[in-house]
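Two complexes, one shared chain (subunit A), two partners (subunit B, subunit C).
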Partner chain A sequence: MAEIRIIGARQTGKTTYLATLAACPHKEYFPGLEITPIGDDSKRLVEMAWDIIAKYQSLPPTRRGSPPEYELEIKFTSASKPITLLAKDYAGELFEELVFEQKDWSKDVREYVNDLLTAQGWMIVLTDWQQEQDTKIYQPAIKNLLSELNKYEAYNKDKAKKRIAVVMTKCERGEIWAGRFEPGEDLFKVRLPKTYEEMMKPKVYPQRVKFFACSSFGVLGDKNPRPNRYVPKDGSSIDHAYLRDNAAWQPYGLFAPIYWLNTGNFLSDNRL
Partner chain B sequence: MQLRGSGDIRIIGPRASGKTTFMAALVHWPNGDPERSPIQDIIAANDEDTQKLKDMARDILENSQTLPPTRLGELPLYNFTIELKPNFLLNPIAAATGRNVRMSVSATDYAGELFTLLREEPRNPDLQLYLDECQYASGILILIDGTSITDRDYADSLAKLEYELNLRFTNNNIDKKRYRIALVFSKAEQRTVWNRYYDQNSKEFRTQDFIKDRFPKTKQILQRWQRNWGCSVACFFCSAFGIMGNPPEPNCSSRIAGRDGTSAVIARHEYWHPFGLVAPIYWLYTGQGNIQLRKI
Partner chain C sequence: MSVVVIGDRAVGKSRMGLALAEPSEEPKVQVIEPDYQTLKDEYINVDTGGMTPTRDIYKRPFKIKVELSTKRIIESVWIDTPGEIYDLEWQIEHPHAWKEFKETLNQSLGIILLLHPYQEQVKPTLIDSTDSIFALDRETLLPAHKWKVDLVNWMKFLRENCNQVNYILICLNKADLFCSNLDTVGKNFQSYPSYKRQDEALKYFTAAQIEIEKYNRKDRPFQFFITCVKNRSLLELPWIYLSPYILYS
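Then we have the complex of A and B:
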């Protein structure tokens, strides 16, 4: 069982990731892959995928307050044992408020962090569209979060140290797609250097931090690696896109971070 | 099972050395980690003084504030029981029965002014009364701020203390050889103590180096006391607030440092992990040292 928290700023695609995971629109390509949503919240995730994303709309932002808890049972092949994923999906503002010093955190943020500290693993979700986010938000927030984690782990020596999967979402975009095989070196180091540096500090890396790249939309096809995304020409931000073709909906790399968080091992097929 | 020994102790030391904070941290015992620790629990007695102390730990210290100084007229008496796990002791009976071992401690906390009066006004009647009371204890815990540099003042006070207690012990025919003196350096989480004198490999403080560098006159006076009486003297380090994080930093904030020592409040009560509080008490109680206890 992997009890994880999905952590990231607003508009990084956290809920879209979870909905796509739950719906698993590409499972026909991977025989034996089975996702079973458990509970009403998780079933709603699947509905969100088919009724909203597949209908070329975007999901509403996750609101502050009690975060929804999703439970999914994942079976990779018919022979393998299922893993249960328990994920809480927090509003992005909470992550963004971590840029402030610990003593200035609001009650919401303190409760948020206390909850994060009790999880078994973290999936930190980042996008690189606005590069100033690297220095203004991601690096300071992660630094403060890791500092809390450090104190927590020094105090609770008996508890197992959490794994931290750092995931760059929306990697279907042309300039990023090619770098998806070596996310650490080719994506994070190049595009979010301050954050990469923070995660590479000796206390944190390498045992417990791994870099991943994923895409909830994927590309249109192997022979047509154009992003399966559509940005309306009304001045919308390029980072905020919709699915382009729901018949060719093939997400990439959704399962690899979860598998690693759960087992400490890597999936043989990264495309999952 | 009750451990053999005497738990009737007096705590003396200069002002702001942290005596009441030491006691508060002890009875509150935020170290909720019985699995790894040889200490099962510390149970505060139900009397007014002890309960008030426990409340102070919770309401004041945990809120990152300082405790009020103990006043000259006050003589609070704190009672508590330290429960140790059986496998901790080299006590065959305890190991055989598998039952926890208990130490009942009664500690009287004296205002820091008394320490100054010893040096400046030894004939002071308040001081004389305190000394009369003090002679009946089996041991004394001298708490000194490990970050202070007023070695000579401490040495003077302790020399007078030896003189005064000696008069009383001789007059009342009390056995001086059985007396125990624990010299405890507080605030050992502060960088001037921790960073320089804590050995990461052996996980112990380099006590001899520390005393030689910082408190040579105090050391001299206590060695003389030990020779004169034939009694036992032992040195310890403690921290009521403890350290946090890795690499460790002091769990304190609003720090003000001076010649007399350091004053601070706890920074993160969620990570409150005192160390070295029990070792001197155990030693005063049993006359035995314990390496495990020095580390927690």
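Then we have the complex of A and C:
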């Protein structure tokens, strides 16, 4: 079982990622792939995917407070051993407050960090919509979080080093879709250079960090690389987009980070 | 969590609830509790056939049957409001009640603001052909430039006072006065994905297009609709939009 934490700022698509993973709208393309939601919260997550995302609306923001916990059993082929994912989905605001000095963290931010430290693996979710986030939020927040991790691991030498999957979401956009095969070099290093640099520092133990690209919406088809996303013309922010066509809903790369966090191996089919 | 329906006097706030309770063939949204007869007895003036004006803020638990990916029954509290409370004079005379109401509003899950169309938008022939109980004098509607100011004031009010509310829906009501092919428009709107509904509805708000772009919220944007009690498809859309959020709140 991989007990992981989904970590990231607001509007990076953390819950959309989890709901899409749980609903797995592209299951038909992968014979033998089975996702079984376990428990009421996880079943509800699947229903939210169909009642909200597939209906071209956006999921409600995750509120501060006790985070929802989702458990999914994932079987990649009928013959393979299932992996179990246990994920907590925290409000993005908590991540954003990691930019403050540790001494200024509020009680719930401190509790958040303590809980992150107990998990087996982290999935850090980032987007590059607003590139100033690289220096304003991502790099300073990750720097502080990794400093806590170093302290924790120095004190708990018997525990295995935590794997960290760094995932760029919303990769269906034309300008980054092509970078999905080498996300470390072609996405993070180029688009979020300070954050990338922070993750690659020797003290972080960069061997534990892997970069991934994923898209909860995907593109419109194998021969139609236009993003399956729609940005309305209503004055709202450009990152406030919706699924464009639910019949063509084929997410990309959702399983790869979880599989790696769980097994340390990579999936051969990069669409998964 | 509640849903508050707001808007000026006689804009059709209570009638929206009554119309959604009215039995219909294959509705996508149906208020099932309170039932239609109960609401009718309460809202309709038996002598005139018109609506009895709402006098107080009225919180009413309700159940609706709604078609999402499957049929669901959802429960919430519908808060109906008298149009008077949106008059400045009333707010000055009742400061405590107004403050309390604004708090209630900001704690709600969703807000539905109903607006009248503006004068230039309505078609005289459609006004003339409307039933007597819906009769309306075109001159009582605001001209476009004043309607635009009114909408800006609403958007400012909602931004300032309802920052906790994720779902704020702005509906241009009485679409029968500005859509001559109401049935077709209703069918089209119900077939649109939600984002296209937003773009298509905004075409009826073009008099305030620049202001909407300026005052819309960057995240959790206001959602725009056209509605009409005479067209079930249009009337259901704000509730279809809100229902999953009520269900999963």
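Throughout what follows, the second predicted complex is superposed on the first by the 270 of 272 C-alpha atoms of A that agree within 3 Å, B and C clash if a C-alpha of one lies under 4 Å from a C-alpha of the other, contacts with A are read in each partner's own complex, and residues count from 1 in each chain.
Here, a contact is a pair of C-beta atoms (placed from the backbone, for glycine too) under 8 Å apart; a residue touches a chain by one contact, two chains touch by 3 or more.
What you are looking at is a predicted structure, and each value in this text was computed from that prediction instead of being measured.
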In the superposition on subunit A, see if there is space for subunit B and subunit C together, and answer fit or clash. fit
Of the partners subunit B and subunit C, which touch A:143 in the superposed model: first, second, both, neither? neither
Go through the superposed model and pick first if A:237 touches only subunit B, second if only subunit C, both, or neither. second
Looking at the overlay, does A:153 come into contact with subunit B only (first), subunit C only (second), both, or neither? first
Mind working out whether A:61 is in touch with subunit B, subunit C, both or neither, as first, second, both or neither? second
Thinking of the overlay built on chain A, is A:51 touched by subunit B (first), by subunit C (second), by both, or by neither? second
Go through the superposed model and pick first if A:75 touches only subunit B, second if only subunit C, both, or neither. neither
Of subunit C and subunit B, partner touching more subunit A residues: C
Shortest CA-CA distance between subunit B and subunit C [superposed frame, angstrom]: 36
Touching both subunit C and subunit B, counted on subunit A across the two superposed complexes: none
If we count contacts the way the header does, which residues on subunit C are in touch with subunit A in the complex? 68-69, 72, 166, 193-195, 198-199, 202, 212-222, 224, 241, 244-245, 247-249
Enumerate the contact residues on subunit A facing subunit C in the complex. 10-11, 44, 47-48, 50-52, 54-57, 60-61, 230, 232-237, 240, 242, 244, 246
Show me the residue ranges of subunit B that touch subunit A in the complex, using the header's touch definition. 33, 35-36, 244-246, 248, 268, 270-271, 273
Residue ranges of subunit A in contact with subunit B within the complex: 147, 150-155, 157-158, 203
